[in-house]
Structures are given as structure tokens and as C-alpha cells.
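Structure first, commentary second.
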Amino acid sequence: MSILAPKFRLSYFLSSLTDNIFWIVVIFTLIGLPILFIVLFFVQLPVYESELINPFLTLSWIFHPELALPLLKAFLLTDMFRIIVFPGFGFAALIAASVIFIERKMLAKLQLRVGPFYCGKIEGILQLMADGLKLVSKEIIIPAKADKPIFIAAPLLFIGTAAAFVALIPVAPGWVVANIDLGLIAVFAVIGFFPIITVLSSWSANSKYPFIGGIRALFQMVSFEIPLILSLLGIVILTGTLNLSEIVESQANFPWIIFLPIGAIVFFVAMLAELERIPFDLPEAESEIVAGWLTELSGMMYGLVQLGSYLKLYAFAALFVVLFLGGWQGPVFFPPLEETLIHEGQTIGPITIQTPGLPIFSMEFFSGVIWFILKTAVVIFFILLPRGVFPRIRIDLLLDLGWTKLIGLSFVNIFIALALIYSGVFGPGGLL
Amino acid sequence: MGTATGIIKALNSGIKHLAIKRFTLRYPEQKLKFVGDGYQYDPTSGVGIAGYKGRHMLFHDKCTGCQLCAIACEGVAEAIAMVKVPEEWKHNKKAIMPQIDYGKCVFCGLCVDACPFYALYMTNDYELSSYTKEGLIYTPAQLQVKPDVQQDVEIQIDERGATHG
Amino acid sequence: MTAKLPPGLKLQKVDERIMTLNVGPQHPGSGHMRLIVQVDGDFIVACDPDPGYVHRGEEKMAEYRNYLFNIPHLERPIIHDSCNILYPYVLAVEEIIGAEVPERAKYVRVIASELNRCVYILYWLGIYGIFLGHSTMFMWPMGDRELFIDLLEKLTGARVTHAYFIPGGVRNDLPANFEDVCLRQVNYFEKRIKEYADIFYNNPILIHRTENTGVLSREDAIRLGTTGSVLRASGVDFDLRTKEPYDAYEELNVNIPVLKEGDSYARSKIPWLDMFESCNIIREALEKMPKSGAVRTKLKPNPRGGDVTVYKRTESGRGSLGCYIVSKNKPEPYRLKLSVPSFRNLIALPYLLKGEKLGNMPAVYWSLNYWPVEADR
Amino acid sequence: MSSDTETKDPETKAPEKKELPAKPEEQLPEFEKGLSDKIVAKFGEKTEVAFVKPDRIRINVKKEDIKDVAIFIRDDLGFDHAESVAGVDFPADKEIEVVYHLGNYTDPKLSRQVLALATRAPREDTPNPGNDSTRLPSLREVFYSVEFHERECFEMLGVYFDGHPDNRRLLLPEDWADLPPLRKDFDSKGR
């Protein structure tokens, strides 16, 4: 398989290696270090042994295993960590990337083929990285008569909105970027941005197919937002709160999908439409309107929109889990970590790592996150599966489905919720 | 509800096929096995012998330089040119033999049909790519070489679907 | 707006609601042709097909080559159905030069032709699937097509352009053990295409989507001279394999599927049903075929015909394919005209698309069993 | 046949099939003969039956009469669609022949039959498609299915069809300024 290039010279290879190392060092010193400093100036640093740590101390301590730990602990508690790494963008992007890979492999399996196979030795696990590199290295072509500022801003806005959506999702108890009382309303507000961005992008491209695709996306998203919102009213009625964390906690005994299956189905279908997944991928209907509103996007602009849409997919799946499947709730099925490990540390070679008080080592957290990811994976599987099974629907059938059937069903769902309240099953003094 | 059962059936069929064997032939590692040693023609009976129509193979000891293959190719692809060869055979007075340009050849096999002396066969070799167009022109000396092909994969059918073994 | 136009150009007054879309040739939903589609909102006002993107003058080329050398290049217009596009030509040439076909060769031809029909239909079906956004229906037929490609490769020695039929028979006899392999793969294939029902043909979304779109009534189908699956989907029971049986079809038992609806769903279902029938025909032909015998009669070198005109037609994967040859005492045909089914079905496209929704365009267009390269010749 | 390729074959073998059209008078197939007789009975001198073979009839008419004959064939004989329109160039006769192959879909008796209706248009040596005397009446009113075939015939041979609603280019490129390519004096370079 892999043979050396025909004009291989060891000296060229070595010199290219040293070149690379040189440039990495230069770039890190000129760009990386200043950025690190800027970040450290804004991070709230902890007091360690009655000494307020400043950025310079941080830089020197970060390489000391015992001193680095309190720093790490402090960093884990910052908002920055939440936004960038764990329940926020980084975690979501990781899940989005794995969703793309799983989607491709699963679709390939369904279609009796292999899928990504050669990149990364193990079943093509690095294919996504290769695709990303390809997109980064491609030229970005902007149509001559496009409205350039809006056209360039649209993908950024798209991914920003998707990230804002992700920020509202609680992953584990207490682990949410923005824990606001009107969480559900905030979700609807964020979802409302997507059609606007789509129309902006397609209009500013000044091209026919994006225009048709944008109009279709507008139709589709607006008409499916209404059943999307209505289908969640049942839960709001039953729980009496809009805070997503509280909604999760209200499902400690049973998830809402047991009592509101119709709402769950309506929400799922509306979710597929909002995500522009097959069978509702009309805005990107390839054989009709080339690539819909993505036609004129090229290079990393397209890559950003794709990343944004997969973030959106994760966020919607997570929202489904939070609302209907009980979020992080679930039995703890593995033995808890030993107390000694947490308090006295683990000896790895010459150094001993002590992790007292680290928030990530609590049982609650572990079990919560695992349950959450498992449930999200199941929902994502059912989001991905229709892509291999259904053809694309037509626009009039789609609007018919959205405006008549789903809205009707969501009203049925609301009545079920009201009936549950009035019959005394739920609510103050209820049976459950 | 016909619609609901239809949707559930379709989803079920999709999930069922997740467990069926993959059909893909992983080409560079696996190569499909062909019938015989390639397409040949029997001038006495006027019927060909089934086989894959790949690169030609020329038997220098049988070629008489009669140009019939070149004439046959003239109406089809104009891929065959007759060139001088240094060898001197008794039956090849003009000392010319076909040289085939695989940039033009369409692998129809009419030249094999045209040869009255069993001198031109087709073989199972189809990996003819080259970095230059000149590399695609096979001289009589190159055509003489019997290709070394390792093709051993066949379609296998069992309960869990068909695969390339 | 106020700038002066160059001489010779005039500003046209157009209804501002109407948008003209150039669908093709670089459009994913067109194939090698252009459709000039005018849409008013989501409705198609007019559609003007503009074929010719891959026109290569096969008919003119045929006038320079003799009857044998025409074979490799006449199958180029549709390489996925190359046996069937050669069939009427070979029959016509046999009538012109007066060649007899051995009995076994007739059956071999039928088998090759039916195998090739399945190969074509699967390719067509794959594209129909991807046009409707059903990627599984693209991959499955492409994979299952390999079974038949494999058989044809064993039989003819080439995967797509077989150049297998020849005036007076076929080029080579069946390879050893071909009957068993053929039966095994055809039987497996029949099991396989039954699985298309759940995921594609009985899929409610597909049915909702393509039912009652592009309805071609029986009268219109006849008047427009459509052929093949388009005609049979509109309720006309016309298939040359039964109506004007050629070669071994006379002895075979052929049941042609006919549907009445005439919409894109019926048009897309007919080829699928055809594949079951092809499997039956292959099995029957393998059974009835003489177990040994010649497959090709020897012709004179460079055969030439008299001063005659011959029109022969056969049933290809898309419909009846006619070949009109004017012979003038020469080894080359004086004029060769292929009346290809794709070209005949194309006339229905502007007729059907008028008033349809834009979303139905790929479904209606590809359900016409149209192959752009063949239509252009 | 060991070599399909001996191009310099003696010409003496050629005229062997020449007497084919002359022979079949005694064994004319009945049904086909009946069809051609009907046309002859209706139009008499105006039509000329070129041959009657099993399943195939060919009738030559003058271009003035072709529309009447076509209407008769459609209404009284039951041929309901045209399968192909083939133009053939005859520079020696200074004429271009256009052959309509007509078929039937519905009548089981007729479905084997193909009736070739041929007519001839005058040919000019320096063609100016659309504006010279190479004109024929269009049969599009009679057989709707000839629409694209006649368009193709127009661009390939330069035969203008009077009464055709849409006589535009179909297959050839928009900037084609050469001779109509299927004429015999258009030499395809490099074959």
C-alpha cells in the first residue's frame, strides 16, 4: 500500500522536519504565547497558599505537576471553561464530529458499502479531519455581485447561533453554560434566528438557486417552528417551569415521553424539518436546486455551515433528551470511585497526582454525563436513520404536514397534558 | 394507517440491512477473477473463446505482419500501427508487427477476430495507467510479455447477502 | 439601466414574476442536457428541453464504416444498454446481407439482452433514487448491478461496452459453467430486488410524492408516440417482445407488466417489475437453450447488401428501438437512422412539466426513462 | 469469417442481392397487401407502393399529397403514432427523402406493422436551411409525435417543414454555420 515517494531523499525529509519544527516554535512564540497571556489576564486566577497567582506565576507553575493542579481546578470552575470546553462548544463540536463520522459509517453499512475506509487506518476514522483540511485549503469564491459583508458574515452567524443554542443545554447537574429561568423561551428565540440567517445568506448571494433554497428554508422553518413550540407546551404545563435544568429534575421518576408520546413525535418531526435533514432537506434539494442556499458557499464557509448544522443537530437531540427522556437522570450502574483515589491521589511514576475537590470526579457528574450521552446517541441515531430510508418530500406536502397535521397533533398533546392536570394525576396534590 | 405502517416498514428494512454483509469490492487489495485467460478467437470455427478483453498479447512467432488487425482497427479506434521490428522470422518477411496505443483502444476485440494466425490474444490485464501518453503505447516487445495478474476474488452468495469474498 | 445597449440587442419585457432557470448541463439534476425551465413561484410555466450536449454524429459516422466496424461505436450512445442498442442494428444487417442466425445464438442473444436490460434499469433506478433524495436507492442498485455486470463480463469479456452481437450470431460461446453462475446470481438478485419494495416502492413518502405527478393519459401517451415504460405505465400493453417477437422471444413466455395510472410513480414502477420479468426470461431461456451448437454463422468478408431499405425494431431497456438502414450495394450503410426511445420520450417532457411544481421536476424528468446520451446519438 | 477486414474484396460478389425487390410478387403477405391496397384504392396514381414485405409496407408519395395520405392512414388504417422520421440525402437525384415510420399501439393486428411513408423534397447544392426550396409540409398536425423528429431532420438535412410550430435547432450547437451535417456533401473530417 504505502510506498515511499519515488523521489525520496532522507536529507530532504530531515530538513523538512527541522523546518516544520522551526516554524512551529516561531509561531508559538510570536502568536501563541501572547494569546496565552491575554487569556490568563482575563481568567480569574485562584489564591494558592495565601498567594494570589498572577499570569507570570501561572506560566511557570503550569509545568509543575503539583502546582498545576490548583490552577487546573480553578480553570475548571471558570465560565470560560464552560463556554469553550465542557458543556459548551468543545464538547458539542466533538459530538458533532463523531456524529458526522458515525453518520457516514452507518449510512454506508445500510447501503451495503464500506464508507470512509482508508484515512486513518482504522475504518477511516481520520476522514473528517482530512475533509476539514481540504475545506480549509480550498479557495473561497464569492460571487461578483454578492453583498459581500452579509455573505461572509452569514456562516459565522450561523455557527454562532448554533453555539448559542448549545450553551442552553444542561448536560449534568449544574453543568450548563447559561442556566436561565426562561431557558425554553431562550431556545425558541435562538431557533428563530436560523431562518433569518438563511435568508440573509441566500439573498446576499444574488443567485437564483440560493434564492429559491433560502425561500424554501424560510417557509419550512417558519411553518415548523409553530408545532415545535406548541408541542413543548404540554411539558411546560405539567412542570410549571421554563428552566431546562428544572425540567430535567422534574423527570426523576419517569421521563415525559411516557405521558406525552404525541408531543414527542411532533417535536421529533418538527426537529427533523428544522434541521433540514432528509426527508425534509428541501432547502438543499440537490436534484432540484443544486445545493439550495449553500450553492454559492465554498471552502471553509461551507465547512462552517456544515459544522453549525451538526452542532444544531446535537443541540436539538440534546433538547429532546432534556425535555422528553429525562436528561442526565438514570440509575448509577458502575461502582463509585475509591475515596482514596480522590483524596490521596494516584501515583504515576515519580509524581503523585492528588485531586481533592475536583468537580469532575463526583459520581453524580459521571453517571449524569454518561446517561446524557447515551440518550443523545439514541436520539441522534433516529435522526440519522431517515436519511438512508426516506426520499425527499415535496414542498406542498411539507407545508401541509406542518400547518395542518402537526399543529393539530400538538393541540391534542396540550389537551392530554391538561387532562393529566385536571384529572389529578399531576400538579399539587396529584397522584405522582 | 397505511402511512404509518409503511414508514415503520421502511425504517425496519433500513435497520435490518445494517446487519447485512457489505458488498464492496476493495479494489486495489482485491481483484475480481475472470473467466479464462482472456478473449481469444478461433479462426477455424469462426467463434471466439470467452474471456476478459484486456491488454493484448502478441505471439511473435505467429505474427506474419499481414496488417489485418491494423485494418480492422482503422474503422474502430485507429489504435494499431504496424511498426518495424528487428526480429526476422521466416513468415514475417516485412518484419512489421502491431503496436497498440491504449490511449485510443476501445477493447472491442475486433483485431483479435481479424487475426487469422492466433497471433493476437487479449489478456486479463487491465491496469494500464501511465503517467505519460507515450507510456500507453505498447510496442511489439511489450505486447509479447505475458501479464502477471493476481485476480482471485469472486462474488459469494450466502444467507447474509452477497459479498466479494 | 440607462446605459445604451449595443446595436442588435433589445431589452425584452418580461413578466417579473417569471424566473428562468437553466437546469443543466452542470446541474446535478439534469444529465447531459439542458432544460430551460421557467418558474412562477414554485410552478413551472414552460420547459424547453435542449438536448445535443453530447451529440457526436453516430449516424454520420456509420456511413463511413462497414457493417462490422459500426458495431463498437454504435453502442457508445448508451454503454449501459449496449447489447440492446446493437440488437435492431444487427437484425437489420442480417436482413440486408441475408445472414442466418443459429438457434443457440438466438438464445444467447436473448440472455445477453435481458442481462443488459437489468443493468440499464438498475443504473436508471439508482439515478431516480438519488434524484428523489433517496441515497440508499442509489447505492443498492449500483451494488446489485455488479451481479449482472459480472455475468456480462464473464459472457462478453467487457464490463460495459460489450460489442458482443454481430451479424450472424454472437462473438463467442458461453463460458464453461456459465449457466450455474447465472442462475445462482439471478435467483439471488430476484430476492434482492424484492427488498426494494419496503424501502422504496412501498415507501409512503415516495408514493405521496410521485403519485399524481406528471400524469400522462393513455390517449396522450399514444398520441405523443412515447414508448417503453412510459407507454406501459399509461395502460397501453405494447412491448415488442410480445407484439413483434424477434429471435428467441417467439418461443419464450413473456408477461409484460402494465399499469394504468400514468403518473411518475407508475412509470418508475414499470422498470422494477420488468426486472422480475427479465429474471424469468433469463431462467426460461437458459432452460430452453440448445445445449450445444454453433453460435455464429460465418459471413463473407466485408459483406455488402443490396439496394434495400430495412427498418427493424426491438425492445430495449427504455422502449422500442428502431434501426432504419438504407443500403446501396456498398459495404457501408448509405444511411443509418436510429430511432431511439429516449428521443421519442423526450417529447413528453415539456408536455408533462407544464404546470407541475419545481419539486416534481426531477421525478417527472427521470421517470420518462430518458437517457440524454442516447437521445443525442 | 476469419477476417472481417479485407477491404479490397472483389466487386463481383456485390450484385447478388440486387434482385430482392423484384422477386416477391407471388408471395405478398395478405394483411399487408390489404393495407396497401386500401391506400392505392383511395389515392390511386398519387401513391406508389415501393414494397410490401412481412410486417413492413413502404409507400412513396409526392410532397403535395403527403398530408392527405397521412390523415387517411391515421384515420382509416389506424396507425396512430410516428416512430421515426428519417431523412436521406440523394445528391444524384437532387432530392432529399424523408421517411416517416408509422406504427400502432392499440390494435393487436396492426401492432406488428410498420408503415413507411416516404416523400421527397428538392435539394439545393448551396443550402440555406429554412429559406430555400427544400421544404415539406409538416405532419405535426397529423402525428403529434413527429415534432422533435422533424426538428432534428430540419437541422440535420436542412428540410424546412411548413406548418411546424417550432422549427428551431435541437441537437446541433447554436453557432453551427456549416452545411447540414447529414447531407452527403458534408464530409466528416477524420471520419
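Labels for the chains are A, B, C and D, by order of writing; each one numbers its residues from 1.
What we mean here is this: a residue touches a chain if its C-beta (ideal position, glycine included) is under 8 Å from a C-beta of that chain, and two chains touch if they have at least 3 such contacts.
Owing to the predicted nature of the structure, the values given are computational and were not obtained by experimental measurement.
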Co-neighbours of subunit A and subunit B resolve to C
What's the farthest chain from subunit D if centres are computed as the mean of the Cα atoms? A
Which two chains does the highest number of contacting C-beta pairs join? C-D
Distance between the centres, which are taken as Cα means, of subunit D and subunit B, whole angstrom: 41
Whole-angstrom distance, CA centroid of subunit A to CA centroid of subunit D, is 67
So what's the Cα centroid distance for subunit C and subunit D, whole Å? 24
I need the residues of subunit C touching at least two other chains; which ones are they? 64-66, 68-69, 136, 143, 199, 203, 205, 208, 298
Two or more other chains are touched by the subunit D residues 1, 3-7
Subunit A residues counted as touching two or more neighbouring chains: 110-113, 388-390
Give every residue of subunit C touching subunit A within the complex, in rising order. 19, 21, 27-29, 42, 129-137, 139-140, 143, 199-200, 203, 205-206, 208-209, 357-362
Subunit C partner, complex, touching residues on subunit B are 2-3, 6-7, 9-10, 12-14, 17, 23-25, 32, 34-36, 38-39, 45-53, 72, 75-77, 106-110, 113, 122, 155, 157, 162
Residue numbers of subunit C touching subunit B in their complex, please. 64-66, 68-69, 71-73, 136, 143, 146-147, 150, 153-158, 161, 163, 169, 171-176, 178, 184-185, 188, 192, 195, 198-199, 202-205, 207-208, 294-298
Partner subunit C, residues of subunit D touching it in the complex: 1, 3-7, 9, 13-21, 55-56, 58, 80-84, 86, 88-89, 99, 101, 105-106, 108, 111-112, 114, 116, 143-149, 152, 169-173, 181-182, 186, 188, 191
Considering only the defined contacts, which subunit B positions touch subunit A in the complex? 7, 10-11, 13-15, 17-18, 20-24, 26, 28, 161
